[in-house]
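In what comes next, chain A is part of two complexes: it sits with chain B in the first one and with chain C in the second one.
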Partner chain A sequence: MLRILNLEAGYGLLHILKGISLHVLPGEAVAIIGANGAGKTTLLKTIAGILRPRSGTVVFNKQEIHRESPEKIVAGGCSLVPEGRHIFSTMTVKENLLLGAYHRRRKCTAADIAASMEEVYDLFGILRERANQLGGTLSGGQQQMLAIGRALMSKPKLLMMDEPSLGVAPLTVRDIYKTIARLKQNGLTILLVEQNAQMALAVADRGYVFETGQIVLEGTARELSDNPEVQRAYLGKDYQKINE
Partner chain B sequence: MDYPQIVQYCFAGITVGSIYAIVGIGFNIIYNTTGIINFAQGEFLIVGAMTAISFSQFFPLPVAIGMAILITILLGGLVEITFIRQVRNASILRLIIITIGISILIREAMLHIWDEKVRFLPYFTGTDTSTVTVLGAHISPQVLWVLGVCAVIVLGLTLFFKYTLTGRAMRACADDRMAARLCGINDRWMVTLSFMLSAGIGAIAGCIISPIAQTQYDMGAPLAIKGFTAAILGGLGNSMAAVAAGLFLGLMEAFMVSQFDVAYKEAVSIVILLLILVFRPSGIFGRHEINVLRTM
Partner chain C sequence: MGFRKYIPVIVTALMVVGLQIVLSLTGATYYLTQITMSAYYALVVIGLCLLMGYAGQVSLGHAGFFAIGGYTSAVLTTCNLIAYRDNSLIAWCGSLGLVTQWTDIYGKDILSFSPWAALAAALLLTSLIAVLIGVSIIHLKGHYLAMATLGFGLIIYRIVLGAQIFGQADGISNVPPFGLFDGLQVNGRLPFRTQNYYIAWVMVITTMMLAINLIDSHIGRALRSIHQNEEAAHSLGVNTYRCKLFTFVLSALIAAAGGIFLTHYNGSIGPSEVTVMKSIRYVAIVAVGGMANLWGALFMGILLNFLSLRGVFGSYDDAVFGAILIGIMLLAPQGLLRKPDFRAVLSFLSKRSHG
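Up next, the complex of A and B:
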């Protein structure tokens, strides 16, 4: 579904991604974990077309997309839920969702879009209740749900999520992750970036570990959660070990 | 001053005031999608009116005005595509200065095309001597045209931004540019569209006011200052407030004329501008710049 080869990207003189290669198979959920500033967000922004890579290729659905605009990439079925949610705070929940389906405006009827909106409301019931409330007045967790819902409105084949647990209360995080698991069960391919490695590895099939713009480790979710390095650095198991 | 006279002045005030409001909305539309203050906004009015005047020699008035609006819309799009879009990674301030350059360019071009003569569009209904009586005051039917058309523009824009997908997409770009792009919205096209929209309503305003005000190649800048005052008095980006501010400005000017002298009229907007600059130094750029910083 997604294949990235030797991707290099950065901001101005800053060189952030130093030759990233990874792939995501259809129907798979893949997690990317790594410390702050490792370049996870930079990677997702580059895939989504917000940032231009310096070199390397991104192939999505057998098409090279690394020179495409974000509009083309979304229309092709690759959707990003950005870090920090970025919902339209001055617009209602419903308007946010409608804009998520923007690229389908010529291909679909209003009924199709209304049906997608129902699907999103079924996933996140609170959004239905708050349909006419301004996005900016939602709580952090609700905003995260709205951001995911908005991305789903584009009918993606691959859904990329950047730290969906950021600034969300633990109980809501669990709800969100239940929904992510459900989406996966329904056959959606998922690429997930997380600080919360435990949550991410629980839902993912495979994972990659990022460090300063490079992949230092990869494997199945099981292998990664059993790896002592990962446990020490990302799962916070040190404390337990000392006690043992 | 007797009652009909007061009504008379009030009508004069809200007539120019509604034009200021439309110019102010023109500023806001572009400001909201780009953060740019487009100082060529006043020129759009004059280009629209002048083109309509020229066409009206050959075509019936509605056709001439329709064509003039279309041409001004194209000019607005052209300005964005040839100037604004080409300047990559420029600061907002640089882009604003570029719009000042564009306004000078358009003004000089108009001087060559239409020379310095003062021109008028014919009255839409009746002649310059026909009047209708409203609340005891005799006013030109053109005043009713101005008020009616301005009201339709404001209503139309409100519905457009609120209920159409394209209008919502433009608002989305103003709200969060990156998120809009991630939704599949072509943000560059939305910027072009905002210039076209501003140019279009500018042209309409230029045409409806032309029969009762003068149209001359260099009348754009003073109109832009009034419209700009309305826009910042209402808080940049807020179009409904710009309407209120525009009407207030027009009424203040009419009041100055009735109580003192025409000479004081021009001082009103300058004084308001200065007051805003002194008491709200951050006021001009308030909301949007903060939003931009927040979403970076």
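Up next, the complex of A and C:
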């Protein structure tokens, strides 16, 4: 579904991604874990077309997309739930969702879009209750749900999520991850970026570990969560021993 | 939502009629002239409100678009082609109804382009220039966009002031009335006063309805999303560039339309309409109205322009608008006319009381 070869990208003089190669198979959930500043968000932005890569290729659905505009990429079925949610706080929940279906306005009837909205409401009941409330009045977790729902409105084949647990109450994080697992069961392909490695590896099939713009480890979610290096660096297993 | 958004439209229409009745009963119909002029200025403000409040793009060059509309129309309807009457091209234009013959106030016969033809040409020229300008500067943000549009406004001002064809410092006078339909005409003379009051308001209300529907459409949502968070809008596949360009051109066209009709109403246009202070005035009015508040912009557009035209501000006219802009930015960046946010007031008061 997604194949990335030797991707390099950055902002101005900052060179962030240093030759990333990875792939995501159809129906798979892949987690990218790593510390702050490792380049995880940059990778997702580059795939989504918001950032231009310096070199390398991104192939999505057998098409090269690394030179396409973001709107073409979304229309092609690759949606991003941005880090920090970025919902539109002065618009209602419903308007936020409608914006998610922006690229479908010509191809689809209003009934199709209403049907997608029903699907999102079924997934996140709270959004149905708050449909006419302003986005800014939702709690952090609800905003995250809205951001995911908004991305789903574009009917993606690949859903990319950037830190869905960031700034969300732990109990709600569990709810959100349950929903991610459900989306995966329904056949959606997922690329997930997380600092919360434990949660991410629980839902993912495979994972990549990023460190300063490079992939330092890859493997199945099982292998990664059993790996002593990962445990030490990202799962915090050793700290207990140190404290003792 | 469907019907509810038209309630303010109906209320406004009733107020317009009510105002006219009250003024005619009190014998103060002379106010109608300035209200009519204010209504045409308010058109510019509505267009700018769409651009600033909803698309988040500041333009300090809207007087320029107003002038392109007004001056194009003025030039085309006053250029005397009578010497070329027998020219085959002119004759052909005449057979299409593009040129008309009329007599000016000095009794001179004039053969010129008809106001409708001039209107079409002016709008075409405005959209052409707006697209050209827009394509090159719309990717700029914040101060840079303001600077670029300011530059555009200055260029137009110098052109108008310098070119013989635009009458230099005198401007163009003797612009004929604009016959819309039989009997109805945009004409500033006394017998047409009440009629023109309503013509101007029909235009304002039509533009308002257009603007309201635009905001409520997918374009409006896209615009608001760009205003709030351009990157998030991008990630949803909103073509931010196209949306902004579209609004820029639309807003320029509305400003030009205001210029065209006001020029026919006044019978003249001069370089004072094109100064940077005029552009700043429009920005100040949108800011007082509350940026993303069309009704606020309309109300303030009418009120402040009316006061200015009545000479209430005297020779401090421009200074007043500058002061308004500074005051709004410092004290009430959300504008004066917005739904009062009681919760914010309460939390502010409670914070105060807790010391």
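Please note the rule applied: the second predicted complex is superposed on the first by the 239 of 244 C-alpha atoms of A that agree within 3 Å, B and C clash if a C-alpha of one lies under 4 Å from a C-alpha of the other, contacts with A are read in each partner's own complex, and residues count from 1 in each chain.
Just so we're on the same page, contacts are C-beta pairs under 8 Å (C-beta built on N, C-alpha and C of every residue); 3 or more make two chains touch, one makes a residue touch a chain.
This structure is a prediction, so every number in the text was calculated from the model and none was measured.
Considered on the superposed chain A, chain B and chain C are sterically incompatible, since they clash.
By the document's definition of touching, neither partner reaches A:64: not chain B, not chain C. After overlaying the two complexes on the shared chain, residue contacts for A:119 are found with neither chain B nor chain C.
In the superposition on chain A, A:105 makes contact with both chain B and chain C.
When both complexes are overlaid on chain A, the residue A:75 reaches chain B and chain C alike. Counting contacts as defined above, chain A residues 48, 50, 69-71, 74-75, 79-80, 82, 86-91, 95, 98-100, 102-103, 105, 150-151, 154 meet chain B in one complex and chain C in the other.
Partner chain B is touched in their complex by these residues of chain A: 48-50, 69-71, 74-75, 79-80, 82, 86-91, 95, 98-100, 102-103, 105, 150-151, 154. Put simply, chain B touches chain A in their complex at residues 165, 168-169, 171-172, 174-176, 178-186, 295.
Residue ranges on chain A touching chain C, taken from their complex, read 48, 50, 69-71, 73-75, 79-80, 82, 86-91, 95, 98-100, 102-103, 105, 150-151, 154. Within the complex, the chain C residues that touch chain A are 218, 221-222, 224-225, 228-229, 231-239.
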